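The first chain written gets the first letter, and so on, giving A, B, C and D; residue counts start at 1 in each chain.
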Amino acid sequence: MCRWLAYSGSPVNLEDLLFKPAHSLVKQSRHARLGSEEMNGDGFGVGWYSRRRPRPGLFHSTHPAWNDRNLRELSALTWSRLVFAHVRASTGAAVQQTNCHPFRQDHWLWMHNGLIRDFPTVKRDLACSVAPDLFSLIEGSTDSELFFHLALTFGMKDDPPAGVAAAVRFIEDTGRQHGIEYPVQMTVATTDGETTWAFRYSSEGASRSLFRSVDISAVRSMHADDSFLEDLSADAHLIVSEPLGDLEGAWEEIPESSCLVVHGPDAEILPFAPLAA
Amino acid sequence: MCRWLAYSGSPVNLEDLLFKPAHSLVKQSRHARLGSEEMNGDGFGVGWYSRRRPRPGLFHSTHPAWNDRNLRELSALTWSRLVFAHVRASTGAAVQQTNCHPFRQDHWLWMHNGLIRDFPTVKRDLACSVAPDLFSLIEGSTDSELFFHLALTFGMKDDPPAGVAAAVRFIEDTGRQHGIEYPVQMTVATTDGETTWAFRYSSEGASRSLFRSVDISAVRSMHADDSFLEDLSADAHLIVSEPLGDLEGAWEEIPESSCLVVHGPDAEILPFAPLAA
Amino acid sequence: MCRWLAYSGSPVNLEDLLFKPAHSLVKQSRHARLGSEEMNGDGFGVGWYSRRRPRPGLFHSTHPAWNDRNLRELSALTWSRLVFAHVRASTGAAVQQTNCHPFRQDHWLWMHNGLIRDFPTVKRDLACSVAPDLFSLIEGSTDSELFFHLALTFGMKDDPPAGVAAAVRFIEDTGRQHGIEYPVQMTVATTDGETTWAFRYSSEGASRSLFRSVDISAVRSMHADDSFLEDLSADAHLIVSEPLGDLEGAWEEIPESSCLVVHGPDAEILPFAPLAA
Amino acid sequence: MCRWLAYSGSPVNLEDLLFKPAHSLVKQSRHARLGSEEMNGDGFGVGWYSRRRPRPGLFHSTHPAWNDRNLRELSALTWSRLVFAHVRASTGAAVQQTNCHPFRQDHWLWMHNGLIRDFPTVKRDLACSVAPDLFSLIEGSTDSELFFHLALTFGMKDDPPAGVAAAVRFIEDTGRQHGIEYPVQMTVATTDGETTWAFRYSSEGASRSLFRSVDISAVRSMHADDSFLEDLSADAHLIVSEPLGDLEGAWEEIPESSCLVVHGPDAEILPFAPLAA
């Protein structure tokens, strides 16, 4: 199990975003409250976009987020309008920077909570289906990075929901050929630097938790003392594995088998299912 | 809060000792059951003695013990008759190898669970009381390493209980000059490679937990299915922050304000108090 | 031996500054050309100022600069008007983040190439002379960080050249009491975020190399094809352990026993000597 | 370029083996004398066999060998009759523990100096030819680890020279299909814990350097003052990328296109060529 967060909106300071909320992502690295594993201490990663360059920056570390000084330093002096952050609990793959989310290709980022079940069994079939020009760009050994490159292989850059749906279908088909009943468990976020797509899906219909912030200006007027929300712009969107605080009315669960699309101030929820055969 | 373990007896394999018990020290690094902080993920250390060289080996890492592959590898091929191991939860000092326990001088080892309260306030007075020839041997920034060097300054190599008692007295006196009510909280283990001394003490009389294994042969005959105990020799001694399993009768709490002395098959518990003025 | 660089001027991209020059600081971490030790692979550090917060950011790593991905990532998306960077060759102290330069107190930075000779011999006398409120802020074990805190003790924040001169005098006096002929070898840079002071001095009068960029607009007009210089603003100042390229006329050696003061577009060189008794 | 060492003989202390020779492997990590790249600071690894367990231990680190304290500690208290050690200079793949040599499967070890040319171009074709049960055991991203798994796929465990010859042939064929003239550059060592096979080969017939110790007892009688050789048993064999000292008559170059086989006190050199089609 992992925990992640995707932010878009006016430029936010990363220390405010990652450390200051009552139940911040960094606190979740020590004490997650939802899900099966309360600790996410097997490394972390942050991806952020600058207005000056299309390619986002990545900071990956194999240390727990809660005691990494460089994360705190970098965060204190970085502002960004689009941020992905992820704290990792390994499901078996090595603790190394190339296994830390978010993963990047060109100006795209990808992060994942969940797993491809019985990954050692299906890994070869999946890997050898990645497009030849993408194969050697895989740097780590996780199911999540391979999933990303399958989605890219299946056209994600042109149509993200379709590319992800095709990849999920392919992983499910491959898994079932190997006798795996529920091959996919996922909450995934991906972005091209402009639009963010967040997916909640699992083969068994019991997916890991996923929430989004509701209209922040409305909530803010009711809860004048929540300093973190006050600083967020009215058009900010947060998508999170679990809420960053206990403020009633601030968070809304994203339904099973759906895809949240966020573009600027707009957000919509679409149904999501593996691509039909 | 930290967790530690001191073993002496017939040579034991470190993987058996550190990983295999039901509630092993490595498991305690994720989920300690006693004490205020359940996670000890801010680095760890192992010190072990070989018959061939007087100076013990040290393996220190800033990664959590539960995901450090080198610890597992080293443990699998190392046997030792005297082992100190420690998983750390930082109380403020940096996560770095020189802050990992056990600490070493010559053939002595030292490890500590607890703290010197308001350490920044008293650090200078304490540090500048360390003997000149020992001062520059301090490599890290913890209260625990400084405590060790104070005990050495006060003659610990000649008489460990007296040296520690004098150091505790000095730390308490110094703390109280700065208005600190309860300056010392400690369980400490130290060894010269032959004898192990384990102390349980706190200025407030409410010390961190400390246990020792009781007569292992007696326990073993009653619980034939506990594979870890079966492998231990009859003369083995284990001193631990918390029991490695739930076996009734296997563990005995070490009383407040006492010092357990283990030498070969023998063990005795002495009262311990800061040196009288 | 270490290598360092101090930049001030219009905001510069850190990747341009640290990686792109023909003989960049990151290249110097592998192959320094001046000085006794050609490799500086024992960690590195970068300190940079943002317009939005007075306290600079710090990125410290124990890996060699040439293979640290996070340094490259952070650099690619960071622009700053005042940057300190340092690649380290340990003279004995542990390779750990708290021993990486630059060091920071409040909004001040400090970095050092050189050493306090026979440091273990004089460390206690020097450390116990640090002001009580500063003592516990020392986090690492280097001579360089202690030197910084001595300069702060001797009033560096009010008058940097005087504070450094008093610290040098004190270190020389202390060293000579212990029979050390040439106690100090230094090139040092320090800044409050507005002004940079760079010192070149050694007790033996044979100091490590130190250079500064000469008037960049003049040089630029003569060498139109040096892309790195082209990007620098006319008022930029670079102070470096060794030149970043072989461009004739671009670099000027800073004389022995002097202090270069850079403030905005202005720079002046003052004589520097240990404070007279 | 990397540097490696393979030892077999009477149990040797690892500190004596890796640190003490005049031009030890750890010194080679800073200053190699032969070959194109003098520094091997991108991590290292040691594999060693114990008499008590068939599977060798592995210690991998991403820090340079010259400043890794744990390597020194582990070495000081470890004796082994069969040791592989490797210092790495990355040719592109990430600096991470899973990219450090030696690699292990069951009781086999493998290490490599050289490269598969244009590896990104051929990686997918090579990887997807690895046997299905071996594919998911690949943990890192290097050409060297993939080469190992190809040799295993081609039967190396049954007949090491034949398995390696078939893998080399397959890599050369694959490379040439992609227009790569000289696909393979290698010195490789592999062992099952009893016998060591060392290969020197390159497609262009200009392989990286490889040496072996000649009869140690004879050499020892002539050079009474070389303390490292004195400690070695008469039946010891050392195979090295470059000699550990300048002792005349102590080292012999292994010819191009050959395979040295060492078993107990015996050694023989066989011709080596890629398997004929």
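Heads up, the rule we're going with is that contacts are C-beta pairs under 8 Å (C-beta built on N, C-alpha and C of every residue); 3 or more make two chains touch, one makes a residue touch a chain.
Worth saying up front: this structure is predicted, and the values here are computed from it rather than measured.
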Shortest walk length in steps over touching chains, chain A through to chain C: 1
Residue-number overlap at the chain C/chain D interface, same or different (half cut): same
Contact-richer chain pair (by C-beta pairs counted) among A-D and A-B: A-D
Degree value of the rotation bringing chain B onto chain C, based on Cα positions, nearest 5: 180
For chain A paired with chain B, centre-to-centre distance based on mean C-alpha positions, whole Å: 41
Numbers and ranges of chain A residues touching at least 2 other chains: 69, 94, 97
Topology of the chain contact graph, where touching chains are joined (line, ring, star, complete, other): complete
For the chain D and chain C complex, residues of the former touching the latter: 30, 39, 41-42, 62-64, 66-67, 69, 90, 94-95
Interface residues, chain D side, partner chain A - complex: 94, 96-98, 119-121, 123-124, 127-128, 130, 132, 135-136, 138-141
Residues of chain D that touch chain B when the two form their complex: 48, 50, 52-53, 55-61, 69-70, 73-74, 76-79, 97
